[in-house]
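Here the chain labels run A, B, C and D in written order, and each chain numbers its own residues starting at 1.
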Amino acid sequence: MSEIAEELVEFRRDLHRHPEPAWREFYTTARIVDKLETRPLDELYVGAEVLGEDRLSVPDDDELDRWFAQAREAGAREDILAQLEGGYTGAVAVLRKGDGPTVGLRVDIDALPIRESDESTHAPSAGGFRSEHEGYMHACGHDGHATLGLGVIDAVADSDFDGTLKVFFQPSEELISGGKPMAESGHLDDVDYLLAVHLGLDHPTGEVVAGIDGFLAVHHFRAEFDGHPAHAGAKPEEGDNAVLAMATAIQNLYGISRHSDGATRINAGLVGGGTATNIIPEESFIEGEVRGETTELMEYMREKAERTLRAAADMHGCEVDLSTEGMAPSARSDDEIRNVVAAVASDTDGVTSVLPSDALGGSEDATFLMQRVQDNGGKAAYVGVGTNHPGGHHTSTFDVDEASLGIGIDVLSGAILRVAEERP
Amino acid sequence: MSEIAEELVEFRRDLHRHPEPAWREFYTTARIVDKLETRPLDELYVGAEVLGEDRLSVPDDDELDRWFAQAREAGAREDILAQLEGGYTGAVAVLRKGDGPTVGLRVDIDALPIRESDESTHAPSAGGFRSEHEGYMHACGHDGHATLGLGVIDAVADSDFDGTLKVFFQPSEELISGGKPMAESGHLDDVDYLLAVHLGLDHPTGEVVAGIDGFLAVHHFRAEFDGHPAHAGAKPEEGDNAVLAMATAIQNLYGISRHSDGATRINAGLVGGGTATNIIPEESFIEGEVRGETTELMEYMREKAERTLRAAADMHGCEVDLSTEGMAPSARSDDEIRNVVAAVASDTDGVTSVLPSDALGGSEDATFLMQRVQDNGGKAAYVGVGTNHPGGHHTSTFDVDEASLGIGIDVLSGAILRVAEERP
Amino acid sequence: MSEIAEELVEFRRDLHRHPEPAWREFYTTARIVDKLETRPLDELYVGAEVLGEDRLSVPDDDELDRWFAQAREAGAREDILAQLEGGYTGAVAVLRKGDGPTVGLRVDIDALPIRESDESTHAPSAGGFRSEHEGYMHACGHDGHATLGLGVIDAVADSDFDGTLKVFFQPSEELISGGKPMAESGHLDDVDYLLAVHLGLDHPTGEVVAGIDGFLAVHHFRAEFDGHPAHAGAKPEEGDNAVLAMATAIQNLYGISRHSDGATRINAGLVGGGTATNIIPEESFIEGEVRGETTELMEYMREKAERTLRAAADMHGCEVDLSTEGMAPSARSDDEIRNVVAAVASDTDGVTSVLPSDALGGSEDATFLMQRVQDNGGKAAYVGVGTNHPGGHHTSTFDVDEASLGIGIDVLSGAILRVAEERP
Amino acid sequence: MSEIAEELVEFRRDLHRHPEPAWREFYTTARIVDKLETRPLDELYVGAEVLGEDRLSVPDDDELDRWFAQAREAGAREDILAQLEGGYTGAVAVLRKGDGPTVGLRVDIDALPIRESDESTHAPSAGGFRSEHEGYMHACGHDGHATLGLGVIDAVADSDFDGTLKVFFQPSEELISGGKPMAESGHLDDVDYLLAVHLGLDHPTGEVVAGIDGFLAVHHFRAEFDGHPAHAGAKPEEGDNAVLAMATAIQNLYGISRHSDGATRINAGLVGGGTATNIIPEESFIEGEVRGETTELMEYMREKAERTLRAAADMHGCEVDLSTEGMAPSARSDDEIRNVVAAVASDTDGVTSVLPSDALGGSEDATFLMQRVQDNGGKAAYVGVGTNHPGGHHTSTFDVDEASLGIGIDVLSGAILRVAEERP
C-alpha cells in the first residue's frame, strides 16, 4: 500500500473541519475546485453546470445565505463561490487520456447535522481538526470520499490509462436529493463504466467489497395538513382538526399491506401539529419515507401512502399538500465490473480481505447515477472500502482511518485502468 | 280508579302471548282491527292505508312470510291479514262526535327480540300468558299501549266528547322506522291536538308525567364496505381490506368533535367483517346511530359520520354503501296541552303523583307525529303513565301492572275531552 | 361615571407596554407593588408570600432569567424584584377599615404570547403604548384588570367602608396555573365575599354582567412518550415507535365516550415527535386538555384520557410520562352576591345595561379562589364589565376602552361597600 | 404410467361425495380404515391412538354430533365410528417388510366449507360424484391425497421394499390444527425419512416438484374482548366499548413494524362485535393470523400482536381472552431426499417435467411432522405432484385429474423404495 500524499491528508482534514450539510457545501466545493484547478484536467464543471432541474429539499434563502457567508469567512475563493450561488454545489472533473471508454467515479461531499465528539479519544478532537461548524459533522466519511476522488485523479493522470475519466463530486446525498439532478445533468450520458464508493459500512481497514447490492429504493415525502382552528372549549365543532387527520394518517400509513414480492418499509419519522392546548389544531405535518426492495415496491408503497394521506385529510375536512423531499431507486452492481474490482483488490497492497458482494440494507442516491449508466447500456458497481471506524456511521464518534484512503485510491484507480483495458 | 273491562285484560294478555317485532305485527294488527270492528267507529284504516312511502328497515320476504304464516296459524283473521301483506301493519281508528277539534292519540304495537323470563316470579309466566313466540317478548309495554288505545276509544265513545278522535296504532317503533311513514300518511294532517303515551319509564303505578321532553333526535345508519379479497399469506398486496376500512371508520366516528350547542351521541353498535383468517377481508359493515339534543345537532353528527365513512372507504380502496335504517327528530311537549293533562291527572282516581315534565334521554319516533301536528299549528304532548315494572324496559322480566291501564285510560280520555272543550 | 385619575391611565398603559407572560410578571408585579406602597394599606404581601406550593407550568431558569433581566432593564425596582426571584410573582394588598366582613377582589395580571398589531387603527400603536416586548401582548385586558384593582383600593380607601378589603393580583391565569397556588396561600381563608372581574367578553362599554356562570372545569396535561429509535430501513423491528403511540393515543382520546350528565371537551392541541424520516421515532409528546361542565365531568374525562395515554404507550413498547400543566374547577356565582352587584350596577353612572348572568363557555382559574371561599361558607361572584374591544380576545387587535375602567371601579367598589353593609 | 386400480378411483370419488371439514372426518376415516383392513398391514392405529394432547379448533359437541350422525347415515361402519367419538379422526397404517429404515408418508384428509360447483363442465357434477354435503367440498384435493396413501401402501406391499412404511392419514390440515397433535403422537419418533405430498399447486399433470420450500410459519389466534354494555343514548359513559377496543387493535395490528430479517404477514380475517345500534357494545372478537418466513419471524409478529390486543383492551376498559386456533412452523425440504425424489421422478412414466424445488408461499402443518423427524436426525421432503385443475385451490371448480394419481403413486412408492435402499 502506498502512503497518500501529505496534501491529501491535509485536504481531508480541512474538509472535516468545515462540514457542510446538503446544498450548503460552499466551502467544500470551493476547496475541491481549487484543488482540481491544480490538476491536469481537460474540463471542469462547477455548480449549476453539473445539476439538472430537479433539485429537492433545497433550504430557503436565509439558510443558504448563512452558510454562504460562513464559507466566505472561512476563506473560500470568491470566484468559485460566485458559481455556487443559490445552493448549486458540486463539481465534475474530466481527464481525457486516449480513445478508450469513459469511466466514471462518483463521490459524495456533504455532512450531517450531528455535533461532533470533543472527547480526547476522538481522533479529530485530539488531532485538532474537529468540526468548526458546531452541530455539524462529517459523520459518514464524505470528507474521505472527496479525498478519494482527488487521489484517483492524481493516480490515473500519472498512469497509462487509455480512456476518459470523469469524477463526480456529488452534493446532498444525505437528503437523497443530489443524485437525481446530477444524473440528469448530461454528464453521465457518455459514461460506459461507473464506480461509486463508500468507506466503512462496518468493514475494517483492508477489507474491500467489490460490488454492493441490496439498495432499498426510497421516497421521502412531506405532507402538510391544513384545517381550520377553533376554540376547543367554546366552539369545538367549528374546527377542522389537522392533528386528528395527521394521527389517522400515521395509524394507517404503518398499516399498509405488506407486499409478497419483497421487503417494504414505511416511517413517519418527523411529525407535529397544533399551537396551544385550547385551540383545535389548524395545521400539522408528517415527514416520512417509503422504501422497497425494488423501485416498483417503493412505488407501490408510495401510491398507497399518498392515498392514505389524502383520505385522512378528507376525513377531517382538511387540505393536504404533498411534496417529494428526496428519492432514490434501487440498483444492482453488475457482475462484470464487480469481478474486475475483486480481481484488482486481491492484488492490491494492504487489502487483506475481498468480499464479492454485500447488502446495504439502506438507501443511497448513487443509484440514480448507476441506473442512468445502466439504462444507456453501461455497467456500474458500488464499491465498499473498509475503514476502521470507532463509532458507527451517523454517530458523534465516527471517524475514518486515513490509512484506508490509500487503499481506496489504489483499488479504485487500478479498477478504472483495468476496466478501460478489458471493457468487460 | 275504575277497573278496566275483563275484555281489555284478556286483549292485552293475548297480545302479550303473541309478541311480533317491527313490520311483522300481523297477528297484533289483526286482533286490534277485529276488536275495532266491534266499536262504533266512523272510519277504520288498515295496513297500506295508514303508511306513507318511506318505510325503513322492512325485513326481507322470507322473514315476513314466516311471521305472516305464524299469525295465520295463531288464528288471525284471513280477511284482515290480506290487508297486511308485505309488512304493511298498523291501523287508524276514527270516531266523529261533533264539530269540535280533532284530537289524536298515538300508541305503538311492536315487540322486541328478547326471550321472556320463564321464572314463576314473572307474572306472565305464572299467569299463563308468557310469550308463545320464543325469543320475542313485549318487553316495553306496547301490548299495554294498544290496550290503552282500545280503552280510550270506549271511554270517549261513551262520553259527551265534542270533536273527532283518531287513534293511531303505529307499527315498528322499536326500529324507529314506523313513525315517519305514519306521519306522512295524511291522517295526521287535520289533527289539532296529539297525545302520545308510554307506560312505565321508571315511574310507578299512580304517577303521571304530563309532558315528556328531552327526546334525542336519532338516525340509524348501515354502512357496507366492499373491498377486494386476497390470500393473506401469498398475495396480501392484492387485497383492498374492508375490515381495515371499517376499523378506521369506527375509530374516527367516535372521535367526531363534540358540539357546543348541546348533547350529541354516536355508536357503532353492531359491526362485522371478513370470512376467514387467511383471507384479506372483502366485506364489512357498521350499523350505528347518531343522536343529538336537537335535530340540527343530530344532522351535524350525521354529516360528519358520513364523511368519515366515505373517507375510510377511500383510504382503503373500498366502496361504501350507506343506508338509513331508521330515524326520528327531537321534539318538545307543548305547555298548553301539558297543563291540561296535569290538571286532569290531578283529579283522576288512582293518581298519586303528577310531574309536569321529565326528560326521556332516549329517542322515540312518536316525535315524527308530534312534529307533523306542531308544524301544522297544532299542539302535542307525550304523556308518561307510571306502572310498577319488576324488570327494566327491554329486559326479560319487564311487565306492566294492569292496574295502571285503567289509570291511563282515565287520564288520556279525560285529557282528550278537556282539550276538545278548552282548545288551549 | 367618574373619570379615572390620570395616574391610573398611565399605569395601565405602562403595563400594556410591558406585557409579561405567566410566572414572568416581574416588571408588572414590581410596578403594582410600587404603586401599592403609596396607598394607605395595612398589609402588603409579595411573591412567595402569596403563593402556596403547587405552582404549575413554571418556565425553566433560562427563560425566567431572561424576563427578570428584561424587567430590570425596563426600570423595575431592585428591592421588589428581589422578592420575585424564581418566578414568584403576584401580590396581595390588605386594607382594614372596621370590624365588618372581609371582602376580596381578584384581578389577574399576565399577558399572552401574541404579536401586537402595529396598524395605526390600533389605539395602543397610535397612542404610543404598543408592546415593547415583541411577540407578547396584553390581548386579554389583564393590564386593565390590574388597574381596576388599584382603582378599587383608592375608591374603598376614600369611602366609609366597614370591613377588610383584600385585593388579589394573581399571576399566570392564561396557563390556568396561578389560581391554585394563590387559593392555597391562606390569604383567602378569612374572606367572606369574593368578587372576580373580567373586562369585555363581547359585552360593550356600559354593560355589566352581575354574575357569570358556565365555567368549564379544565385540566391541561402533557404526555411524553419515550420509545426506542432504530434505522427505519435497516432494522425497523428494533424500534419502539413513540410517534405511533402518540397517534394511537390521539385517535382514542378524541373517541372517549360522551357523558350524559353534561358537556365535556377534549383536545390534543400541540403534538410532535421524531427526528428524521429514516429513524423510527424515539420520542413524542401531546399537550392537551380535558374540560367538563362540572369538575366531576372533567375528572371523568381526565381519568379516561390518562388510561388511554398509558395504554397507547404500552401498546407500542413505550414509556409515558404524564404531567399536569394547569387546571381549574368549575364554579357558580352565588345569587346573593350577584343580586347586590346587579343592584349597584343599575345605579351606577355610565351603566346602560345589566345582565344578571351569562355563560362563559370557557375556563378560568379564578374558580379556585371562588371555590375556596365558597367551601369556607363564603360567597363569590364573577363580574363581567363590558368594554368596547375592536378585536376579539386573544387577537392582535384586542384593546380595552379606558372609559370602561371608571365604570368597573365604580361598580366593584360600590358592590364591595354594599356587600359589607348588607352581608347577604 | 400405470392405470390405477378401479377400486382406487371409486374410493376417491366416494370420499369426494362425502367431504368432511376439520375434526369431523368421521365417514372419511371410517372408509379409509375399512379399506386399510383389507391390506396386509402389520399395525393400524385409529382416532385417539394417532393424536397427542394438543388438538386445537375442535368444534363443539353439537357440531361434532351432527357430522357423526351424518356419517352413520351415509353408511360408515359403527365399529370404526366408535373409535372416532369426540372428533378423534385420522389413522396411521404400518407395513413392516424388513430391517431397513422407517419411511413415512403423510397425507391429509379434510375438506373445506365451500359449495361445490353444479355446472355440467365440472367433472364431479357431470360424473355424478359431486358433494352430497351441501356447502362443503374437497376443493384442495385431500380426497386424492388419501387415495395416494392407499395406493402407495398397495405398491410398496407388492414390492421388495426393505424397511418399515408408515402412512399418516392426518385430519384437520385446513385449520392447521391436526399436524401438531399427530406429530406429538409418538408415531413419528422412529421415522427416518418422511415424505409429505400435495397435488396440484398450479403444476400440471406430469410435472413433479421434488422438494417444496418457502412454508410461512403461521399462528391463528382468536381474541375475545369483553367490555360492559350501556344505553348509547341515555348512559354512554357507563359502557366499556368492546368494538372500540377491537377497532383500535385492528388498526395497530396491521401497523406492527416490518422485520428486516424476512417476510411477515398479519391479517384480521374475521371480526365482529356488538348487538344493536343503541347499545354500547359489550363483546367483540378478532380471528386473525400472523405469519413469518421463519418460525422466529412468526413469533416476533405473534408477540407484538398479543401486546397490541392486550393494550387495546386495557385502553377501553375491557378484558381480552386470547386463544390459539391453529399453528404451524416453517420448514425446509432436505436436499438428500429431494435429490432421490427428483431422480425417481425423472424415470417415471408420465412425468414430463421435474422441478427440484418451488416456494409454497403459504402455510401447511405437515411442517410439524417434518420438523419432528428432522429434530430426531431424520430427513424430510414435501413433494408436489402436478395435476390439471380447472379451478384454483379453494374454489368451487377445483378438481384433480385422476390420471395424476397413478403418477403420484409411482413417484412416491418409487422414492420410498429408493430412500430405503440408499439411506441418503
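By definition in this document, a residue touches a chain if its C-beta (ideal position, glycine included) is under 8 Å from a C-beta of that chain, and two chains touch if they have at least 3 such contacts.
Composition by chain, UniProt nomenclature: A, B, C, D = Aminobenzoyl-glutamate utilization protein A.
Computed from a predicted structure; not experimentally measured.
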When B-D is set beside B-C, which has more C-beta pairs in contact?
B-D
Most distant chain from chain A by Cα centroid:
B
What is the distance, in whole Å, between the centres of chain C and chain D, each centre taken as the mean of its C-alpha atoms?
69
Averaged over CA atoms, how far is the centre of chain B from the centre of chain C? Could you give it in whole Å?
50
Could you say which residues in chain D touch two or more other chains, in rising order?
234, 236, 241, 244, 248, 251-252, 254-255, 257-258, 260, 265, 280, 361
Residue ranges of chain B in contact with chain A within the complex
234-237, 239, 241, 244, 248, 251-252, 255, 257-261, 280, 300, 307-308, 310-312, 314-317
For chain A, which residues are in contact with chain C within the complex?
216, 218, 220, 231-234, 236, 241, 243-244, 246-248, 250-251, 254, 265, 267-281, 284, 287-289, 291, 325, 361-363
Residue numbers of chain B touching chain C in their complex, please.
251-252, 254-255, 257-258, 260, 263-266, 361
